[in-house]
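When the chains are written out, they are named A, B, C, D, E, F, G, H, I, J, K and L in that same order, and each has its own residue count from 1.
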Amino acid sequence: MKKGIWVLNGPNLNLLGVRRPEIYGKTTLKEIQQELEGRCREEGVPLVFHQTNHEGVLIDLLHEAREKAHVVILNAGAFAHTSIALRDAIEAVGIPVIEVHLSNPQAREPFRRHSYVAEVARGVVAGFGALGYRLALEAALHWAKEKEASS
Amino acid sequence: MKKGIWVLNGPNLNLLGVRRPEIYGKTTLKEIQQELEGRCREEGVPLVFHQTNHEGVLIDLLHEAREKAHVVILNAGAFAHTSIALRDAIEAVGIPVIEVHLSNPQAREPFRRHSYVAEVARGVVAGFGALGYRLALEAALHWAKEKEASS
Amino acid sequence: MKKGIWVLNGPNLNLLGVRRPEIYGKTTLKEIQQELEGRCREEGVPLVFHQTNHEGVLIDLLHEAREKAHVVILNAGAFAHTSIALRDAIEAVGIPVIEVHLSNPQAREPFRRHSYVAEVARGVVAGFGALGYRLALEAALHWAKEKEASS
Amino acid sequence: MKKGIWVLNGPNLNLLGVRRPEIYGKTTLKEIQQELEGRCREEGVPLVFHQTNHEGVLIDLLHEAREKAHVVILNAGAFAHTSIALRDAIEAVGIPVIEVHLSNPQAREPFRRHSYVAEVARGVVAGFGALGYRLALEAALHWAKEKEASS
Amino acid sequence: MKKGIWVLNGPNLNLLGVRRPEIYGKTTLKEIQQELEGRCREEGVPLVFHQTNHEGVLIDLLHEAREKAHVVILNAGAFAHTSIALRDAIEAVGIPVIEVHLSNPQAREPFRRHSYVAEVARGVVAGFGALGYRLALEAALHWAKEKEASS
Amino acid sequence: MKKGIWVLNGPNLNLLGVRRPEIYGKTTLKEIQQELEGRCREEGVPLVFHQTNHEGVLIDLLHEAREKAHVVILNAGAFAHTSIALRDAIEAVGIPVIEVHLSNPQAREPFRRHSYVAEVARGVVAGFGALGYRLALEAALHWAKEKEASS
Amino acid sequence: MKKGIWVLNGPNLNLLGVRRPEIYGKTTLKEIQQELEGRCREEGVPLVFHQTNHEGVLIDLLHEAREKAHVVILNAGAFAHTSIALRDAIEAVGIPVIEVHLSNPQAREPFRRHSYVAEVARGVVAGFGALGYRLALEAALHWAKEKEASS
Amino acid sequence: MKKGIWVLNGPNLNLLGVRRPEIYGKTTLKEIQQELEGRCREEGVPLVFHQTNHEGVLIDLLHEAREKAHVVILNAGAFAHTSIALRDAIEAVGIPVIEVHLSNPQAREPFRRHSYVAEVARGVVAGFGALGYRLALEAALHWAKEKEASS
Amino acid sequence: MKKGIWVLNGPNLNLLGVRRPEIYGKTTLKEIQQELEGRCREEGVPLVFHQTNHEGVLIDLLHEAREKAHVVILNAGAFAHTSIALRDAIEAVGIPVIEVHLSNPQAREPFRRHSYVAEVARGVVAGFGALGYRLALEAALHWAKEKEASS
Amino acid sequence: MKKGIWVLNGPNLNLLGVRRPEIYGKTTLKEIQQELEGRCREEGVPLVFHQTNHEGVLIDLLHEAREKAHVVILNAGAFAHTSIALRDAIEAVGIPVIEVHLSNPQAREPFRRHSYVAEVARGVVAGFGALGYRLALEAALHWAKEKEASS
Amino acid sequence: MKKGIWVLNGPNLNLLGVRRPEIYGKTTLKEIQQELEGRCREEGVPLVFHQTNHEGVLIDLLHEAREKAHVVILNAGAFAHTSIALRDAIEAVGIPVIEVHLSNPQAREPFRRHSYVAEVARGVVAGFGALGYRLALEAALHWAKEKEASS
Amino acid sequence: MKKGIWVLNGPNLNLLGVRRPEIYGKTTLKEIQQELEGRCREEGVPLVFHQTNHEGVLIDLLHEAREKAHVVILNAGAFAHTSIALRDAIEAVGIPVIEVHLSNPQAREPFRRHSYVAEVARGVVAGFGALGYRLALEAALHWAKEKEASS
C-alpha cells in the first residue's frame, strides 16, 4: 500500500499522561503512537504521526496529507471548537477524516460541545481515552482497504 | 461470563436499510444483530439486542439491564436529542453506555447537534454506519473483560 | 382503490368536544370520524382512523401506513412541537403527510409555534376546527387519485 | 349575497408559474383567479381578486374590504414575515382572514417560519400549491354562508 | 368521600432509594406510598398511586383521573421539562394538580429549570425529598375537603 | 413664522376611533387634527397634517419636511418597529422628531417594544391616547420658538 | 382638591444639573420642583416631591401615595431597568403612573431599552429634559381633574 | 428550643389581602403571622416574623438569623428574581431556607420564572396562597426538630 | 447590445451628498449617474438608473428588469436589512445582482450587519463611497459581455 | 493631602472570613481595613472605609466621596452584577474607581461574569483575595499623588 | 512610488483552483498574482503578494506593511470570522485595508456571516471570484495615488 | 531562587506605545520589560519576558514555563477572547497565572468581555496601563516567595 494513514494531534496533546490524568488518562502520546505503529506494521500500511500546538502547522500537514494519505485521524484538541480554517482545510483536501477526542466533549463545558471539525468529519470517536485511537485506526484500516480495492 | 452486553435501538431503526439509504446505508438491523452475535459468540459473551419505537420501553429495558449487563450500546435515534428521561435512566442504572449513531449528527440539522444521551454516555461513536456498531462492540468487550477481571 | 387514507390523531384528542371548547370546538372526534368515513365511502376510498396518547404507537402506525396508505392526515397534537422521532418517521415512510391542527398554533403560546411535523409535512391546515379535517380530506383524495392514476 | 370574498395577493405572486416552478408550481395567478371565479359564480358569491407588490396598497385594500367582504383570503407572500402594519390592519378590520401559502414556509429558510399574519389569521392553509386557494375558498364559502344566515 | 386523591409518578421514580441517594434520598417509592395510604385512611379518602416510565400511560391515567379524583399529585420526573402533551392533559382534565419534585430543579442543570407541568399546576412543592409528598398530601386533603363541602 | 410643525401619521391610523377603541380610544384622527390646528392658529404657527399607509410616502413627506418644518411629530404606527428606512430618513433630514404612540408599546406584545424611530427621535410621548398629540404639540411649539429666536 | 399629585425621583437625580449636563441638561432638581409647585399652586392641587437613592424608600413612598395621590409622576432612574419590586408596587397601588425620563433611553445603551416601570405605567414621557416634567404634569392635572369630577 | 424559625417577607407583601386578591388571595399578612404563631406556640418553638420593602434590611435580617434560627422561611417577593446579593446572603448564613411564593411564578410573566433564591433554597413551596406558609412551617418544624435532636 | 445594465437605488439615496457627508461622502446621486452613463456610452451598453423610497416600486422595477437587463446593480439602502420581499424578487428574476453600499455596514450598527439582499446577490461591494458604483459597473460590464458572447 | 482614598464594600462582605473561606479566604474585613490604614498612614493619605448591605447607602457614599476622595476602591459584591444605579453613580461622581473582587468572577457562575461596575471602573483587580485590596491601594496611591501634583 | 500595495492571503487559499471549484473557481492563486503584477507594472506601483496558513505570520506581515504599503488587500479566509488578533492588527497598523472574499460569505453557512476583518476594513469586495482581486486592486491604486498626491 | 517569573505577551503588544496611545498609553513594551527586570533584580528573582504574535508559540512557552516558573504573568491580548487552546495550556501546566490587560476589556466592545484566560487565571489585573504589569509583578513576587518557603 503506497498511501497510508496519517494521525494528526493538536494543542496540548504533547502533555498527555501528565495533564489532568483523571480526565485524559495516564497513557502518553508516545505510547499511543507505538501501539498504532505496531498495528499498522501488521497490516503493511504506512503510518505518519504528528503533534503540534500550531494551527497553521496542522493545516499545512492536512494539505500535505492530501496526496499521501487514504484516511486522516485527527485529534484537533481545542482547535476543534474554534478553527474554521481547519474545517475548511478538511473540506479542501477531500479525504475522509476521523475525529478523535480522548474525553467526551458533550459531557464537559458548553464551549466544548460544538466542533467545527465534526461538521466535516466522516466519523467521530469520543470518550474512550487512548482506546479511541485504536478504534479509529480499525475504521481507518477498513476504509483504506476499500480505497485500495477500488483504485 | 454471566453478565453480557446489551444493544438497544430506538425509534425508526427498524426501517434501517430502507429509510434514506444515502444517509444510513443499506445494511438492515437484522444483519447488524447477526454480525454482533457472531462476534460475541467468539468471545463467549451473552448479547441482548432490542429495537423499539417507544421511549418508555427503552427506559424499562435500561432498568432491566442494570443487573444483567456490563455495558450497554445505545442507539437512541431521535430520542437522544429530546429525552431527559432517557438521560436520567442512564445515570440511574450506573453502568457504562456507548452512544452509537449511524450518521454524524454534527453534520446534519442543528436540532441533531445536542444529545442528552451523550452528556452521560462514557463513549460516543458516530458516522461510521453499520461499522460503528462493531467499533462500539470492541470497546464494550474491552470494558466487559476489565469488569470481569476486577470483580 | 387498494391503498387508502389514514387519519392519525395524537395526545388528548380523545377529549375533543370536552376540553376547552372555546378553543377546540364542540364536535367530538367520533363525529369527525363519521363525517370523513361518509365522504370516503362516496369516493370508494378506504379510511383508517386512530387516536392514541402514545408517541410510540403513533410511530408504529406511521410505519404500518407505509405500505397501506396513499396519504396520511396527521393531527399530532402536542407531539408536533416536541417529537423529532415522529418527524423522522414521516421522512422515513416517504408518503405525503397533511398536518392538521384544530386551532391556529401561531396565535397561541410561543412553544406551539414550531412544529417538527410541519418541517416534513407536504401541506398544513390549521385553525379551522373540525372543518380542517374535511379540507385536508379533500386534498388527500385529490392526491390519492393522482397516485392511482400514475401507478 | 351582497358582501363577497376578497382574495388579496402580495409581492412577487404576479410571477407565479414563472418563478422557481419546482417550489411554486406552474399554474399562473390568472389561472387561479379564473378557477376561483368559476367556483364563486356557482355559489352566487361575488369575488374580488388583487395582486400588488406594495405593502401600502395591501393595507388600503384590507381597509376597503372591511365593509365589502365576509372573508378575506390573503397570500401576503414575504410580507407575512415582516409586516406588523399588515398584522394590525387585519386586526383592525375585524373580519376573518385565511392565510394561504403556496409552499410550506416551515419547511424552508428559518426567516420564513414566523408569520405576523398567522398570529391574527383565523385559519392557515400552506403547502398545497394552487390547490391551497381552492381549499381556502371552500372554507371561506362555508363561513360566508354562516354569516349570511346569522345576519 | 367518593372521589379521591391520585398520586402519579413518572420515569425512573421506580428506582427511588437506589438512584443517586445523595440527591434523592434513601426512601423507596413503596415506603412513600404506604405512608400516604396511612394518612389517607385516617381521613377516609381513597388514594390511587401509580408509577410508569411511559408518557402515554401518564396521559391515559390523567384522563382517567378526570372523573375519579379531586386532586392529582404529580411527580412527572423528567417529563416535566419536555412534555407539552402532559401539560395539555393537565389543562384538559381541569382538576387541580400539585407538582412534586424530590430535589429542587432550580438548583440543578439548566435544562431542569423550566417545567411545562408547573405552568399549569396549581401548586408546586420541590426539594423536600420524601417529605414533599406529605406536604403535598396535606394540601390535597385541604382542597378535597373544600370541594366536597361545596359540591 | 415661516416654517411650521408637521404631524405625520402612519399605517392604520385612519381607522382611529374605529379600531379597538378599548386600546386606542374613541377620538378620530380628524378630531385630533382639528384640535391641533386650533392650538397652532392661536400661536400663529403653520400646521401640516398627513396620514398614509405607505412607508414610501412617509419617507417622501419627511424629506419634504426638511426645508419646511421646525419640528416633526411622528406617529409611525407599526412602521416604528420594522422600518430602518424611516429611521434613516429621520437622521437624514436632521430636524427634531417627537415620536407619539396612542398606547404604551412597552405594555403590549414583545415585538412592539423596540422602536427604530425612538432610537433617533429626540422625545417620546406614549400611552396618553389623543392627549399625547397635545403634549407633543406643546413641546414642538416650545422648540419651534427657540429655533425662531436663535435663527 | 384633597388628593394631589406625587412626583417621585430615583437614584442619582439629586445630582441633576451636575452629572453629565450634555445628556441631562443644566436645570437642577430643585428648580424643577419649584416650577412644578408654581404650576400646581395655580390649579389648587397639592404637590408632593421626593428624591431618594434607595429602592425600598421609593416603594414605601408609592405605598403611601396609594391613599393620597390621584396620579404619580415617577422618574425611577436606573431602577426602571432592574426593579421588578418597583413594578409590582405600581401594580399594587393601582393609581395611574406617568414614567418620566430626562434623556431618551431607547437612544442609549442596550440595557436602558427595557423598563419594568414602563410595562405598568399608563403614560411615558422621555427625552425632553426638564420640559418632560412639565408635560407629565399637564397630563397628570388632566387626569386628576377627571378623577375629581367622577368621584 | 433556643433557636427558632424565622419568617422573612420581602417587598409589597405588606399589601397582602389588598393587592390583586384574584392572584394573591384575601388573607392579610397579619393573619398569616398569627396563624403561624399559634402553630409554633403548640410546638414550643420561637417564631420571628418580619416584612420589609428594603433589600438591604432583608440581607441584614438573614445575617442576624445566622445565629438565632434553625430554619428560615423566605418569601422574597420580586427580589427572588433580581437579587444576587440575597442569594449570596443565603449561601453565606448556611442554614436551610424554604422559599415560599403565594402564586406560582412559573405560571406568570417570563421574568418571574427564574429565582436566584430558589438556586440556593433547600425547598420551594409555590402557588398555595396563604396555605403555603403553613406547609412551609410544617417542613421547618420537621427540620428544626432534627437539628435539635442531632445537636 | 440590446439588454443593458440597470442601477436601482433605494430609500434616502436621493439625499446623497446632503445626508451625513462624513459617512456617505459629498458626491450626489446625479453625479454618480452621469459618471456611470459616460462609462456605459464608451462601451455601448444601455444604462437605466432609478431611485425610489418605495419598496413596492423597487420590486416592480426588478420585475421589469427581468427581460431588459443583463445585470442589476442594487443599492437597496435600509431595505437590504428588512425586506424579504426584495430578496424574493431578486431570486425570482434570476439575473445576477451586485449589491452596493456606500459605507461598510459591517462597521456600523448591529442591525445593518445582516442583508437579505446579500444572501441572493452574486457579488457585494461596500465601503468605497461613490467609487463603489464604478467598481460594480466594471464587474457588471464584464458579466454583460460574457452573456452577450454566450447568447 | 486633603482629599483621601475611600474604600467602599457592598453586601455580605461583613461576613468575610466566615462565609465560604475556601473561596474568599480567612482574613476578616476588619483586618483588611487595619492593613490599609497602616499603609495610608505611612503615605499621609486619609483613608475612609465602609461596608453596607444597602445599595442606596452605597450610592449615597459615592455621592459624598465626590468632593472628598481622589480615588474610590469599590468592592460592590453582588451589586456589581445587578445595579445600573450604582454604575450611574460612578459615572456621575466622575472620580476614578478601582473595582476589587476577592475571587475571580470570570471563573464562577455565569451570572457573575458581567459587571456593570467594571464598565465604568478605570481599573479592575480580581482573584487575589485580601492581597487584591493592597494592590488596588498601591494603584490608588499612585493616582492620588498624580492628582495632587497636577492640582 | 516608494510605498506599494500588499496583497495578503490567509489559510487554504494555496489550494485555489483545486478546492471546491464550483464555489471558488478554477483560477489559481499564482495566476491571480501574475495578473495583479502585470496591472501594477503598468502603473509603476510595487506589489507584494503572500499566502500563509498561519495567523501569526499574517499578523507579522500586517505589522511589516505598516511602513511599506499604502493599501493592503486582505483575503483572510476563515480567519476573518474568528481572529480578533487580526482585527486588532489592522486597527494598529492604521493603513486602509480592502477585504476580499472569492465567494459571498452572506450566502453561505451562518458562521461565515460575521467578519472581524470587515469591522475595521475600509472596503469590502465579495462574491466576484478572481475578478474581485482586480476590482480591489483598482480601488487600491486609486487610494494609493491620492495618498502619494497628498504626501 | 531557582524558578522565576515569566511574563508572556501576545499579539500586537510589540506595537505598544505606537498603537492607539489614547487607549493603551505611550510606554513601550521594552520599557515595561526593563522596569520589571529592575524590580526582579532587587528581589533576586529571575525574569523571563517574551512577546509573540503566534498562538502556537505562546502555548509552547507556557509548556516550557511548567518546569521553570513559579508564576506566569500573561497578557494574551486578543487571544484571551478566542483561544480555548491557550486556556487548556494554562490548566495543563498547573502553575498560577495572572492575566493582565492594559485597558479594561469590560469597558470596550462586547466581544472583549469574555476571556477564556480569565476562566482559569488565578488573578486578573486590568485597566491600569503599564502600571498593571507592576501590580501583577508584586502579586507574583508574593506568591513566588510563598512557594519557595513551602518547598
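We take it that a residue touches a chain if its C-beta (ideal position, glycine included) is under 8 Å from a C-beta of that chain, and two chains touch if they have at least 3 such contacts.
Quantities reported herein were computed from a predicted structural model and do not represent experimental measurements.
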Separation of chain E from chain H in touching-chain steps, minimised, is 1
Would you kindly tell me how far, in whole Å, the mean C-alpha position of chain L lies from that of chain H? 47
Cα centroid separation between chain E and chain K, in whole Å? 64
Centroid of chain B to centroid of chain J, CA atoms only: how many Å? 55
Touching at least two other chains at once: which residues of chain B meet that condition? 54-57, 82
When you check every pair of chains, which ones turn out to touch? A-B, A-K, A-L, B-C, B-E, C-D, C-E, D-F, D-I, E-H, F-G, F-I, G-H, G-J, H-J, I-K, J-L, K-L
Give every residue of chain E touching chain B within the complex, in rising order. 10-12, 14-15, 18-20, 52-57, 77-79, 81-82, 111-112
Which of the residues in chain J come into contact with chain L in the complex? 104, 106-107, 113-115, 118-128, 131-132, 135, 138-139, 142
Where on chain D does chain F make contact in their complex? 54-57, 59-60, 63, 82-85, 87-89, 91-92, 116
